[in-house]
Amino acid sequence: MSVFTIEAGLAFLGLVLLLVEAFKPDICRRTLGLMAIAGTALALVLFVFAKHDTASLPGFMQPWHQLDTLALFYKGFALVITILVLWLTLECAPYLTRFTVDGKLAEMFSLPLIVCAGMMWMASARDLVTVFVSLELVTVSFYVLVAFARKSAFSLEAGVKYLILGALSTGVLVYGIAWIYGATGTMSFDGIAKALANPATNKTAALFGAAILLCGLGFKVAAAPFHMWVPDVYQGAPTPVTAFLSVGSKAAGFVVLTRALDAFLVENSIIGTEIQSLLLVAGSLTALLGSLPAMFQTSVKRLLAYSSISHAGYLLLALACRESPRFDLSSGGVVAFYLATYLPMTVLGFLGLGLMRANGLGEDIKDFAGLAKRNPLLALLMTVSFASLAGLPLTAGFLGKLFVFLGLADHGYWGALSCAIIAAATGFYYYFKTVLAMFTTEGTDAPALKLSSATRAVAGLLAVAILVLGVYPKPLQKLLKPASATMAARN
Amino acid sequence: MPASIILLLPFFSALVILLGHRQLKGAAVLISVGSSIIAFLASLVFLATDDDNKLLLPFIDVAHFHAGIDVLIDKQSRGMMFIVSFIGMLVHIFSLGYMKDDEAKPRFFGALSLFMFSMTGIVLAGNLIMMFIFWELVGLSSYLLIGHWYQKASAAEACKKAFLTNRIGDFGFMIGILLLLGANAGNVNLLDLKTAFESGPLRPEAPGYSAGFTTVAALCIFLGAVGKSAQFPLHVWLPDAMEGPTPVSALIHAATMVAAGVYMLVRVSFLVAASPLAAEIIAGIGCITALMAALMATQQNDIKRVLAYSTLSQLGYMVMAVGAVAMAAKHGHGPEAPDPGHPAMFHLYTHAFFKAMLFLGSGAVIYACHHEQDIWKMGGLRKHMPVTFYTFAIGTAALMGFPWLTSGFYSKEAVLDAAFNSGWRVLFIGGAVTAALTAFYMTRLLIVAFMGKPRTDSAHHAQEAPMVMILPLTILAIFSIFSAWDGFANSLQALKPSHINAPGEGHTVLIASLIALIAGAGGAIFLYRGKDKDPVSIKLFANKFYFDEIYAVIVRVCQDRVAWIVTALERVFVDGIIARLPSAIVARLGAATRMLQGGHLQGYTFLLGGGVIAVIYLVVFVLPRMGN
Amino acid sequence: MITLGHYLVVSGMLFALGLAGVIARRNIIIVYMCLEMMLSAANLALVGFSRFHLVHGLPDYTAQSLVFFTITVAAAEVAVGLAIIVALFRSKQSVDVESVTKLQG
Amino acid sequence: MSVLEIIIALPLLAALAIWLGAPAHATSLGATLLNLLIVLVTTVQYAGKAATGLAFTYSRPILDNPSLSFAVGADGVSLILALLTTLVMLAAIWQIQDRPAIFYVSSLLIGGGALGAFLTTDVFFIYAFHELALIPTFLMIALHGRAEPAQRKAVAWKATIYLGAGSLVLLAGLAWVVLEFSGGSKLTFDLEALRNQAKLTPLADAKQAQIFFVLLLGFGSLVSLFPFHSWAAPAYATAPTPVAMLHSGVLKKFGLYGLIRIALPLLPQGPHVEWVQNALLLMLLGNILVMGLVTIHAHRLDDTLANSSVMHMGYIFLGIAAGSDIALKGAVVLMFAHGISIALLFGLCGRMRNQLGTLEYNKLGGLATHAPAFTVLFAFGAFASIGLPGLTNFAGEVMIFVGSFTDFKAGVMSNLQWTVILALWGVVMSAVYMLRAYRNIFHGSPTTGLFMIDPAFSQRVPFIMLATTLLVTGCCPWLLLNLMKSAL
């Protein structure tokens, strides 16, 4: 079975679920959710055993679609995060339904499948057209998802902001694509790389196009100065959607960014140094602009949004560092590694948030007070998650940061490194502010917080994943190693 | 073997007592006294051992730095060892009586044992590091013993003061040791150092020799002695140290520990000899101390304080002798053949006996008068405590240097002789004046405390001290008289100078000291006979030249004020610049960046559009020009 | 003779106008229309580039195919977008950009 | 499997067990006691062998490139510090009374983290274990500190941000080291490999100086090197007793250990390049003289102890600045000594605070009368930190001083040697504040109302253990030196 079939099937399943809800309105939402989860899980299993080379794709797809390691990795990534988000939606369903029309959640289960399919396509894209189409598939679906809890003013506001700013960035993106095409005469990444390596190509036009294109993509990954939407949208969106945005959408953005930069920063690229400098500046700025305002946040959800921005900053910095012979992971590999470590910790964090909400608590730091007393396990798991987000050693978050820092130091980008260090230092403050609240005992007589065993299992699994990746990242590295190898070969 | 016994026996005794005195109770006293007696016997055996320099215990052994517990056995250490263990034993025995009713007796005896251990260490030390180790430990035991009655604020302050003042001395001592150690390739063994100074890399003819260095090293080492032997200007702790029990004053603050400074200087006399300037400074400091302390002693009313200042003054004598001998050697006035004797050590030896005796005697008096120490509240004790009186009188005579009869006379002559030959006439004059003052204040003490009529009830009801206290007094009185006799001195290996009985330069020294004695004693008799209160009042002397007050100001200004200012500066600047300023900047930045997130859609679109334009401007127009 | 430059200038002006509208206008519907105008600008540029980038004497149709996708996507975006804007109007009785300022900081 | 892995794992497993519901006191005490025994046996074994180089090594590869492995190994320095850790841990846990389980868990985690940092030989894990130990420190200060919630949180924040920022600078420095010394093909975090490479291709002095300086700042702020020290005093004064004991006694030594173990072997010329040396000497003089005066100014026992602990770090840095074999070994001995003595003092201080409710000097007095055993124990700690011979600190200090004078030319003093002279004045200052504290607390007549009696014997045991260690290793410092036979 080809991977493409799985993707198509997933999208189809999404549509089916939508129809089921439409024609059988009294269906239990839990059933619907479980169906979605089961479908995605099945897709994941099938994906693992599917053929993993480009030749297995239908012939007409091959010019547009590729199945290199990076693509495969991100496809798996998309499937995993989709399953987790669906499950998170189930967890949050009790309070989410209070804000939806007629208390229904159907699209919350079907749209993620379509988003997932979009993300999987995006991972394979070898052409700007494919990129654009799959990116829009994801973005448009997210417009709906963000504004889904329509009765909540916050969700609606987030939806409007995301819609306007997202559409704006789409415009910018297409305009950039147009100019890149104009400068290089091709839409495919390979062709662009070839053209940029050719000194005869018009440098200014290429720079102009690349800059605008990167602005458009920068919006998707929340790079400064296009990050302003993130806190508002993340805070307003339903928690599962926030998690999806923060992990899935960001990963999708970065895979495209990786592909685009592989082309832009190809050896002897006429625009290489400029783009690299831009990345360093934007990365440093992003890390700082994410971290600094986060210190004053009182809402954990908004705090996580800022944290997501600053993580995007580190990722951009990782992209700025090109391959080093002394380093098994290429910049794309480091980004993938970072995102893989970022997945469990972020999802775990949002899971905690969702559980708080499901138990009738708020999302403010003060609502976390005494969590250690109310549910020691959840407090412990959340601590692991936040420690990892802060980048403490022995957790997955540290390794990602370490690789980024090593790369920066290796290339001698000291300015960017200092910015990253300042951002990380600030990070200690705001992550631990939350952790501290959890362990505070005074003034908390709230009742114990009960978790179902399934919840505990999933949360525990995520925490274990954080710790295991933190001390034994070898399997993950192995998974990504061919990725760098192939890319190195192609370049 | 005897060396190890003398050294380690008191150590284990101290350890056992201090750690287990609750369980041991009375046995603690027996352990301590027993160990002191065994140590004394061992020191007798030790007198007969051969010269040696061997390692007893390892301590630090790294690279070329070897600092072990190694003993240097020679005439000096054997003789000093005898003094220490002998007087130590007597004081132990005396304390049996004196401390009979004290609740914390085990603690006292434990500290006494600790002192014996430390003092033995100093005496036996074969290298300067070991000397320093025990140097500090005697400081500790002195601290514990002065502060024995720590509930009394004055005792608590006194022990602190003693330790801190000594620390200042040790500061110099350590620098001196480090300088020597650096200069002599990590070797501070006394014999090796001596060789180095006389024929090795530190001799004046050696390449890279620096006279300044030798002087500085000598003076730094001397600073150690200044602290321990309470020389000017670090003398202030010794009078206060009298807050400790009287046997302690006798043992530590009269006979042995304070003499350790002199002993140490004699041990490193090759260093003093190598630097004429240092020798002059040492002699000068000694002379000043001797004179100044004697002046202060004339106006003290506390029996122990008089003795304490007299101790100071005598220590000044010894130190002056150390310097004077070195100066004399430079002037060619030294003995022709190397003289094994040393006036300072000789005076130390005789002084130890009679000063310990005087202190123990004063202890007996204080004990009899129910812990009354003011001599003007005594009087007429001669009749009530005859043995104490006679022994005290013998001690006084020895201290004054009663001619030909007492041991003090011979040693004082030796010191004055050395001062006379030093080439500095002022040293000799200072010494002679001090001798006169000594005669004056001791006579005053004897007259006021023992003669006349009892002035208070407690003096009236005073009774002779018990046997355990009388016995040490008597033994020491015998030694006060006979210890300078050749037979005694030689068998006890005292460092008696060979030419002592035949002053070379006519009789100037002898005549001067006789005049001083007569003038001092006569003056005192004339002034104090039959008086009930002090007819002379010299505030300057009574208030000890206001040293304590001046030092209090210095400490308050230089230490407490500066500490206050530094603390404030540290809070404001260091903490401010390193910690608070960056965090304030970051906080400001955070607040400022937060302003970007105003929540207005138009603001966001504006920023987004502006961002696009900025990026285009940067990438297309700025970066290519930078040519990077 | 109309060159590529002419197309690009027009497209650029369209894009700039759209952007200015997005920034300046307060009515979300109009903002949305301006966004569509920006997409049109991009489309114009694409078509222009395609027309002047001749492969074997014919325009390169890759870019033109993207234009079709853009138009389709824009339609989808409008569908979703208008639904959200309608929902906003229902809840706030206003489509002013200043009606959504609750999320901030 | 190496015995060191057991040593590291034992406290961490015990902490997990307690978190999952095992009885706190028994489990933690048993685990630490067992751990102490294992460490003792291991140390004796090591001393029995040649006592040079790494022993008990074992490595579990984790990543190929960059080459990363969980590698354990110990030489004399790490064993001395492991011994210190287990001793202080046992004492800290033993003295806990009537406290929630989190006290035990955090003590075990701090100790376990420290053991991990001292006994692993992979830069990554050395760093990681230290960070692991910092979290419970922070939480405990913020949650159970001895101050109002707002104030203790502020203190905890200050410490955390300081230490966090310091750790990040350190991380940058370590990254630099790894990049410079990994050799041609592969990045490696293995300390031995890095050291070999450093021996093969030493860097230019100027570059060594730069890297060393970054490491110095990083490690230094973890050790409260002046002027990056202002977190330390309030943190120790506020921290709950076991945390104060463990952090000031053990965890703080990590920075010094790192300098001796990582920075110096890789960058032997680093501290001797003039500008670095002068900077280091100035900073350590700041520790000794400025903090000495600040300590003199303190009015409370916890302030005195906390500031003195900052001050004494200056001497260890002096040993590192001197860099000679004697001085470095002295620094290690002093690390051990200071760890034991300050833990002893903080432990006793905590007990006093519990019983008396105040540590203000002008409210205390005469405690010796009713609590003689307590007084003796305190005296051990106080005199040890003054540097009294016969207690371990003296041996360390004297070795550092001597080690700074090894290349002395009569009449010519180097900056280092002038610094030593000034540092010696610090010894006088420490006597001033310690004796002042001792006099105010224990001497004098007992204050009415403030009354304290000796703890029960079983509660004295941990302190007796520490005091005995001071005495034994103080009289026989060669016991420690025998573990470090090869030159550092």
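Labels A, B, C and D are assigned to the chains in the order they are written; within every chain, residues are numbered from 1.
Keep in mind that, in the parts below, a residue touches a chain if its C-beta (ideal position, glycine included) is under 8 Å from a C-beta of that chain, and two chains touch if they have at least 3 such contacts.
Treat the numbers as computed from the prediction; the structure is a model and nothing was measured.
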Length of the shortest touching-chain route, subunit C through to subunit D: 2
Pair joined by the larger number of C-beta contacts - B-C, B-D: B-D
Separation of mean Cα positions, subunit C and subunit B [Å, integer]: 95
Whole-Å separation of chain centres (CA-atom averages), subunit B against subunit D: 35
Subunit A-subunit C separation of Cα centroids, rounded to whole Å: 26
Euclidean distance of C-alpha centroids - subunit A vs subunit D, Å: 42
Subunit B, residues touching no fewer than two other chains: 594, 597, 599, 601, 605, 609, 612
Set of subunit D residues in contact with two or more other chains: 161
Subunit C, residues touching no fewer than two other chains: 19, 22, 28, 31, 97, 100-105
Footprint of subunit A on subunit B - complex, ascending: 586-587, 589-591, 593-594, 596-597, 599, 601, 603-605, 607-612, 614-616, 618-620, 623-624, 626, 628
For the subunit A and subunit C complex, residues of the former touching the latter: 128-129, 132-133, 136, 140, 143-144, 147, 150-151, 153-154, 156-161, 163-164, 167-168, 170-172, 174-175, 177-179, 181-182, 185-187, 231-233, 235-236, 293, 296-297, 302
Complex contact set, residues of subunit D against subunit B: 158, 161-162, 226-231, 286, 290-291, 293-294, 296-297, 324-326, 329, 366, 368-369, 373, 376, 383, 388-390, 394-395, 398-399, 401-411, 417, 420-421, 424-425, 427-428, 431-432, 435-436, 439, 442-446, 476-478, 481, 487
Complex contacts: residues of subunit B adjacent to subunit D: 18, 22, 58-65, 67, 129, 132-134, 136-137, 140, 147, 150-153, 155-157, 159-160, 163-164, 167-168, 170-171, 174-175, 178-179, 181-183, 186, 202, 208-210, 212-213, 559-560, 562-564, 566-567, 570, 574-575, 577-579, 583
Residues of subunit A touching subunit B in the complex: 160-161, 164-165, 168-169, 172, 203-204, 207-208, 210-212, 214-215, 218-219, 224-226, 228-229, 231-232, 273-275, 277-278, 281-282, 288-289, 292-296, 422, 426
